Amino acid sequence: MTEKDPNLLLQHAPLLQQGMTTPQAMRDVLYALLPVTLAAVWFFGLGAILVLLASIAGAALTEWTFASQEKGGESLLDGTALLTGLLLGLTLPPGLPLWMAFLGGAVSIGLGKVIWGGLGHNLFNPALVGRAFLLATFPIAMTTWAPLTGADGFFTVQPSNLALPFMQSGTDAVTSATPLGLMKFEQQSTPLVNLIIGNTAGSLGETSGLLLIAGGIYLWMRRDLDWRIPVSILITVMIFSAILDMVDSTRFPDPLFSVFSGGMLLGSIYMATDPVTSPITPKGAWIFGVGVGLLVVLIRAFGGLPEGMMYSILLMNAATPLIDRYTQPRVFGRGKALT
Amino acid sequence: MDNLFWIFISALLINNFVLAYFLGLCPFLGVSGKLDTAFRLGLATTFVLLITALCAWFLNTYVLIYAPYLDLISFIVVIASTVQFIEMLIKKFSPTLFRALGIFLPLITTNCAILFLAISATNRGYGLAEGLVFALGAGIGFTLAMVLLAGLREEAELSDVPALIKGTAMNLIIAGILSMAFMGFAGLFSST
Amino acid sequence: MMELLLAPAIMVGIGLFFGIILAVSDRRLAVKEDPRIEGTNELLPGTNCGACGEPGCLPFAEKLAAGLVAPSGCTVSSPDDIELIAEYLQVDAGAKEKMVSRLRCAGGNSEAHQIAEYLGFDSCRGASIVSGGGKGCSWGCLGLGDCEVACTFDVIHMNDNGLPEVDTENCVACPDCVDACPKDLLEIMPLNQNLYVQCNSPLAGEAATNLCKVACDACGKCVADAAPDLIRMENNLPVVDYAAGGNAKPEATFRCATNSIKWLQGDQFQEQDYASTGGGRRYG
Amino acid sequence: MNPLRLLRRSFDHGVHPAHLKEQTADLPIQRVPFVNRYLMPLGQHIGAPSRAIVTVGERVRRGQKIADATAFVSTTLHSPVTGWVRKIEGFRSMDGSFAPAIEIEADPYATQQEERGDPLPWQSLSIEEFIAAVQEAGIVGMGGAAFPCHVKFSIPDGLKIRYLLVNGAECEPYLTNDHRLMLERPDDLLQGAEIVRRKIGAEETVIGVEVNKPDAIEILRRHVKPDQSVRIVPLQVKYPQGAEKMLIKSIFDREIPAGLLPRDVEVNVNNVGTIIAIFDYFERAIPLIERIVTVAGPGAAYPANLIVPLGTPVREVLRFCGGLKEETREVIMGGPMMGRPIASLDVPILKGSSGILAFTEAETAGRKEYPCIKCGRCVEACPYFLNPSRLARLSKARMFDEMREYSLMDCVECGCCTFSCPSNIPIVQLIRTGKDDLRNRKETEQ
Amino acid sequence: MDKTQNQAYEEFIKGIWRENPVFVQVLGMCPMLAVTNSAINAFAMGGATFFVLVGSSFLVASFKNLIRKQVRISSFIIIIATFVTVADYTLEALVPTVHKELGAFIPLIVANCMILGRQEAFASKNTISMAVMDAIGMAAGFMLALLTLGSVREILGNGSLFGVDLFGPDFEPWIIMILPPGGFLTLGLILLVFNWFTVKKAQFIDKVAAAERSSS
Amino acid sequence: MTAESETVGSAGPQMPEIVPESPTIRLVVTLALAGLISGIAIMGIYEVTLPTITANKARVLREGVFKVLPGANRLQKLIYVDGDLAPTADTRKDEQPIYAGYDMDGSFVGYAIPGAGPGFQDTIGLLYGFKPNTRQVIGMEVLESKETPGLGDKIYKDAEFVANFRQLSIEPEIVTVKKGKKSAANEVDAITGATISSKAIVRIINETNDIWLSRLPEPGAEPPLLEVQTEAAESAKTVD
C-alpha cells in the first residue's frame, strides 16, 4: 500500500474499450488496397506509381498546410489524408499528367475535407470531390485512357504523365477505350475474365475485380466496413441491369459485366462505404446502397457518360443527411403498443 | 410526349434551375437553413412557377402578340399581382396553408427563377402543356436542390466548419459540389 | 399611330385591372394585424439573444406593441435606440439600469486546489458530472469556459488564472452564461451594486480556507463593518441586501482576511497579475 | 420478431466486453474487520434523503435505526457499528459534492456482534405491513440504482405481478459479488425469493443467470425445494443483460414501453443482493447494515469479495486487501461500464456500492479522441436503439429541441456506445451532460 | 457644403467595400454567377446593372413623395423594368453578340434584389444626389465583384482575360471554371478570402488599439 | 420582397413610417400612371432601336442561311400552311418557318431548315442547308448550344466535323460512326470525346427531316423568288 494517495484521475465510464481505433480502421483500408495498388503498377507500369504518389502528395501537403496548424500536424497521423490521396489516385486514368493528379489530391482535401472542419465533418466523399473536380476541369485528359504497359514493361511512363504544370498533355497520346466506353458507344462487350483479372483499360485501381473483392472481404472481416452498402449496391445493379439486358441486350450489358466493369467494385466497396459520408443507420445503409445502384444504372444506361459510379455516390452523399434523419431506428419501448 | 418528358427531366436534373442556371439563389441560399422551411418554400415556388407558366402562356397568346416588347414588364406586373391576389385569398380562407406556404409567396415572386421561366418559355415557343411541364420540372428540381442543401446545412451545423467559411461561403461551396454531382445527369436521355 | 398608343394603353389597362383587383381584395380580404409590430421589430437589434426574456426580437416586438413590456427591456439596444423605439410607439422608455454578469467565485488555479485530475469532454458541464470535476471546493468555478463559449456577445474570456472575466462594458446581461454554468456561479446584477461577495462555499473556517485561499470563512467581520442590516450571513456566506440596509461602502471589505468580499468597480479580477503563476487553462 | 431470440435468450444489440471475472470469481466472501470511523450519508438511495434521528455524541448500537424515511420514496438508515455519533454535517460524497452525513466512531471495545433476532412472522404480515417492514429495514435495490425496495413492492390497484424476476445476470465485467452470493447462500436466496413472491402474489420466481456462471446455475437448480415455484433461466453472455428492460426482453420477450415500469408487464425485478437483504431481515431480523463488495481491477493488490459494513471509507476497504498498486490512476465505484470514478478515497461504501475497481495507466491513458467518423458502431451497440453519435454531437452543440426529438432522455447510460466507439468519444458523458442541460432547461422554463 | 460632399463620398465608398452588395450583403447572386464566365460578359452585366440602378434610384428619389407606400414596390418594379427594357434593347442594338451571350440574364436584372433593395432602403428615403451617389457606389461595388469573379473564371477557365490570350496555346484550361460548379466554388472561395481580409483587418486594428492603450 | 429588403437597411435604424390609409382610387391611379409612363418609355426605346435590331437579326440570319447554302445570296421565308409551302413576310410566334435560298439569278439553291433538340447539356439549335434534288445536306451551322467548352463545342469549332455536312446524303438516314470510319455517303465522323454531341446533331437533322421532307414540294416545284417580298423577308424578326 502506498501511503500517499495516488493523484486520482476522473474519467467517465466506461473504462473498457473495444480496441479498434479510427486510425487503425484507416490503416486497414490502406492494407486492403495494397494488392490493388500493386496490380495497378503491374498493369500500367511506373507511371501508375507516379500518379498515385502525386495525388497522395497533393492530399498530404494540403492536409499538413491547412488542417494541422493548430493541432500540431497530428491530423496527418490518422492516415485519412493518405487514404483519400490513394483512393483518388486509384480512380485516375494512368496517363494523367502528374500535376493534375497533384491538384486533384489538393482539391480532395481542401474542398472535400479541410473546409468542412477536417476528419469526420465532411459530407461528401473527399476523394470523389477531387475526382469530380478533375473530371469537370480536364474532361479530355480525364477520359483519355492509356493502354496497358507496352514494350517498356514496368518502366512504362506515359508521355502525357510528364506534361508541364498548367500545360496540356499533348494530343499524340496512344489511347484505348474502357470496357464501359466500348459498350456504350460501340456496343462492344469485353470478356468477363479480363474484367475479373483486370487487364483492361481504365482507371488505375478499378480494373482488377478479383483483388478489389479480396480487399473488401478483408475489411468485412475486420468489421471496418458496412457490408450492407456494397451488397445492396451490387444487388440493385444486378437486378436492374438484368431487366434492361432482357429488354435490349445489344444496348445494355449483362449484370455480371455491369458489376465487374468500371468503378463499380472500387466504388461500392471502398468509396460508398466511407463511413463519414454514408448513412449511420443500418436501414439508411440499405437505402443508400439501393439509391447508388439505381443512379448508376440510370446514368450508365441513359446518361451521356459511360460511367456513373462517382456521380451516384456523390448524389447519395448529398442525400445522406436526409436518409439518416428519416431512418432513425425505433427507440426501445417507443412507438409500439404494449404487448 | 417524348419532348414533354425531356423538357421535364432537363428542367429537373440536367439543367436544374439552381444548380445549372443559377436561378433563385436568394431563397436557395437564404431559406435553406431548416429542412422543413426549405421544403415548404420549394412547394410554394413550384406553385408560383405553375401560375407563372399559365400567366405567361396567357399573355403570350392574347396580349403580347400585339406588343411583344412589353413582355418583360407585363410578365412581372401580371405575375406579381396574380400571386399577391392568391396570397390574399389563402390568407383569408386558409390561415394554416398561409402559415405553411403563404408567407413565402412575396419572397418568391421577385426571384429570378419566375421571370426566367416566363421569358424562356416564351423564347422557346412553348405551348401551354410544355410550359406547365417545364414549370413543374423546374419547381420540383428547385425543391430537390433546396431540400438537399437544407439537409446538408443542418448536418454541417453540427460540424466544425471553420469560422472563416461558415455562412454564405460554405453554402456556396456546398452548392458547388452539388452542382458538380448534378453534372452526372448531363446527356440523360439524349444520347439514345 | 395606333401602334404608338398600343403600348401605353396595354400598360394602363394592366395597371388598372390589377390595381383595382388588388385594391378591392385588399379591402375585402384584409386580415388585420398591428402594423407597428413590424416597425418595432425593424428597430430592434435582431440578435434574438433572449436577454429581454422573450424567445426572440419579434415576440418582444409583439409585446412592445401590445404595451406589455417597456422598450428598455431590450438590454442590447443602445439608449438612443431605446429612445427611438419609445418615440415610435409613443410609450415611456422605462427605467434602464446597466446590468452585468458577475462571477460568485474568485478561486482560480492559484487559489483553489484540485484533488483529482479530470479528463474527458472539455467543458464545465461535462466535468461537473464526473465526481464534480476534481476541484477541492465543490462549489467553485471549474474554469473550463462553458460560459465563454455560451456568450453570444463574446464578452467573456477565460483569464490566465482559469477564471472567466466579464467585459462589463460590453456585457448586455443576457442570461446565456448564467444558463451555461453548471455551478450556478454567474449572476446578473446592477453594475452599480459595488459590494460583492466572490465566494460560493457554504463551509466555514478552516474547512473553507483549506480548500481555497480566497474562500469566505464566515468570520462575519464584513457584517459588522457594514451599515446595519445591509449584510447578513446566510448559509455561511454574507448576503448583501441593498433593499434592507443603508448605503454600501467599501469599508465593509477592509477587514476581510480572505479578500472574498470586494468593492467592485467595473470588471472583476482587475488587479491580479497571473502571468507569474504559469497561467493557462487548468486542464490540457 | 426473431424466432431465434427465444432460443438464445437475449435482446438485440449490446456489446461483448471481456468478462474479466477470473480475478475474483473463485474468492469466497470474507468479512472486513471493523475500523474506527464510519460515514453514513443521509441520501444513499434514489428519492428523498433520510432524516437523522440521533444527536451528536449519542451512543448507537450496531443495527440501531439512526435515520428515518422522510417520504414514501425514501428509506431508513441503521448504524453499521456500535459506537458514538460524532458529527452530522456535510462530507464529500461519491459525486464530488458535499452532502449531509452521520459520522460514527466505532467503540473499539464493542463485540460488534450483530444481534441475530427472531425471524419475523412474514407469513402473517399483510402486504402493507410487509412493505412497511421492508422500509423499516432500509432495504434498497442492490443492483446499482439503490431504489427503495418497498416502493417497488407497492403495486397499484389494477396491476398484478405474475413473475418475480431475480436478477443474477451480473453482466458488468470484474464484478462477482452476486455470483458469490448465489454460490454461497443459495438456500437463503431461494427462501428470500419465496418470501417476496408470496407477499407480492407472484405466480413464479424466475432467476436469470448468465451462462458464464454455470456453477451458480447448477447450485441454484440443486437447491430449489419442491414447494418453491422457481425457474432458473440461463442467459446469453452479453452486456447489458442485467439491465431490467433487457432482462425482461430476453426472458419474456416483452418490450417495456418507454416511461413504464416492469410492473406494467406484470414483472417485479430484484437483484440477488436485494433478495438476500430481505431474507436477512425477515429470517434473522438484521436490517441493511452491510453489503458484499467486489474489490478488483488491475490496480488492486489483492482482489477480493468482501462483506463490508456500510459507511466504511473506501480507503479502509482497500487497506484491508493490500491497498492499491503503485501505478493505479483511477478508482471506480461500481462496474467498469457504468461505475463512477471517485475523487477521494475518503468516500464511504454505500448501499448501492457493488464494487471498488482500481485501474492503471494502461486502461486510462492514451485515449486520444478523434472526431466521430459516423461509423455506426455505437448505433449498432445501443440496446435502446438510440443514435448515440448524434446525441453526443447534439449535446455538444446544446441543441435542446433536437435532443428531445432524438429521445436523449431514453438513454440508460449503459456505456455500450462509448465502449464500441473507435474514435474514443466520451459519448455517455456527453449524453449525461445533455440530460443535465435538458433538466435544467425544463426547470428554468417552468 | 463640405459636409454633404463628405457624406456623398461616404455613400459612394461604402458600396465598394464595407457594404459591398455581393461580398457583404450577398445580394444579386443570380446574375453574379450566371454571367461571370468571362470578364467581358461580367463587364456588360455590370454596365447594364449600373445603368438600371443609377437610373431608377434617380427616378425613385425624384418621385419619392408621389409614391404611396402601399404601391411603392409595384411602382419601383415598373420603374426598374422600364430601365431594364431600355438597357436590353440598347445592348441588343449595339452589341448583339454580347447580348446573345448574356441571354435571359439582362431581363433578370429586374429581379436582382440588390436594385430593389436600394430603392426600398435608400433611394426612397434620401435626396436625389445622395441616392445617385449611393447607387453609383453600390453599382461600382457590384461591378467590382462581377469583374473579380469574371476575371478569375476567365483566366483559369480559358487562359485569357477580356478575350486576350494570356498563357499561349499550350495552356490547359480549367473548364470547370466556366461551368456552373466553377461559379459557385469560385465565389465561395472569394468570400472566404474576403472574410479572411476582414478578420485580419479587425485584428490589426485591435492590435494597434491595444498598443496605443498600453503606451498611454 | 419585404424579407429581402430587410437585410438591406444600411444607415442604422431609421424610423419606419406609419402608413396612413390612402384612398384606393389614388393607388390605382398611381399605378396606372406609372404604367402609362413606362409604356411610353418602352415604346420609345423600342421604336428607336427596332431598325438596328431587325437589321442585325436579318444579317445574322442571312449569313447563316448563306453559309449553309453555298452559292445562295438571296433568301425568302416560307411557311407551311394548309398543305402548302408559301412565302411569307411575317411570321407569328407559333409558326416555324424555313428559308429558301436563291442565287444571283434568282434560281433556287436549297432550303435552310432550322432544327433544335437536346444535346449533351442543353438544347442545341442549328440550321442546315438541304438540297432537294440530290437529297443531300449541304451545310450545317450551330446557332445555339451550351455544350462543354473544349469537348462538345467542337460541333461548331471543329472544321473537320462541320465539313461532314457539306455533302451528306440523307438516304436512308444519316448515321454517326467512329472518327475515321466514314465509308458511305450518309455517314458522319463523330468527334472523339464528344460522341454524344455529334450524335445529337445528326439526330436533330434526322428528326427535322422527318417533319419537313414530306412538306417540301417535288424537286423543281420550289416556290419562285418573289422580288417584292425579299425586303420583308430580310427583316424577319426572329430566327429562333
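Labels for the chains are A, B, C, D, E and F, by order of writing; each one numbers its residues from 1.
Following the convention adopted for this analysis, contacts are C-beta pairs under 8 Å (C-beta built on N, C-alpha and C of every residue); 3 or more make two chains touch, one makes a residue touch a chain.
Remember, it's a predicted structure, so these values are computed and weren't measured experimentally.
Steps from subunit D to subunit E, minimised over paths through touching chains, total 2. Ranking every chain by how far its Cα centroid lies from the centroid of subunit E, the top place goes to D. Seen from the Cα centre of subunit C, the chain whose own Cα centre is farthest off is F. Computed from the mean C-alpha positions, the centre of subunit A lies at a distance of 50 Å from the centre of subunit C.
If you average the Cα atoms of subunit C and of subunit F, the two centres end up 67 Å apart.
If each chain is reduced to the centroid of its CA atoms, subunit B and subunit E end up 23 Å from each other.
Subunit F has its Cα centroid 26 Å from the Cα centroid of subunit B. Under the contact definition stated at the top, the residues of subunit F that touch 2 or more other chains are 1, 4, 9, 19, 27, 31, 34-35, 38-39, 42-43, 46, 120, 148, 150, 196. Taken residue by residue, subunit D touches two or more other chains at 340-344, 364, 371, 426, 429, 432, whereas all remaining positions touch fewer.
Annotation for subunit E: residues touching 2 or more other chains are 27, 70-71, 74, 78, 81-82, 85, 89, 113, 116, 175-176, 179, 181-182, 185.
Note for the complex: subunit D touches subunit B at residues 371, 393-394, 397, 399. Taken in their complex, subunit B has these residues touching subunit C: 63, 66-67, 69-70, 73-74, 77-78, 81-82, 84-85, 88-89, 91-92. By the touch criterion given at the top, residues 139-140, 143, 185-186, 304 of subunit A touch subunit F in their complex. Listed in rising order, the residues of subunit C touching subunit D in the complex are 115-116, 119-121, 123, 125-126, 128-134, 138, 150, 179, 182, 202-203. If you check the complex, the residues on subunit A that touch subunit E are 97, 111, 133, 136-139, 141, 163-164, 166-169.
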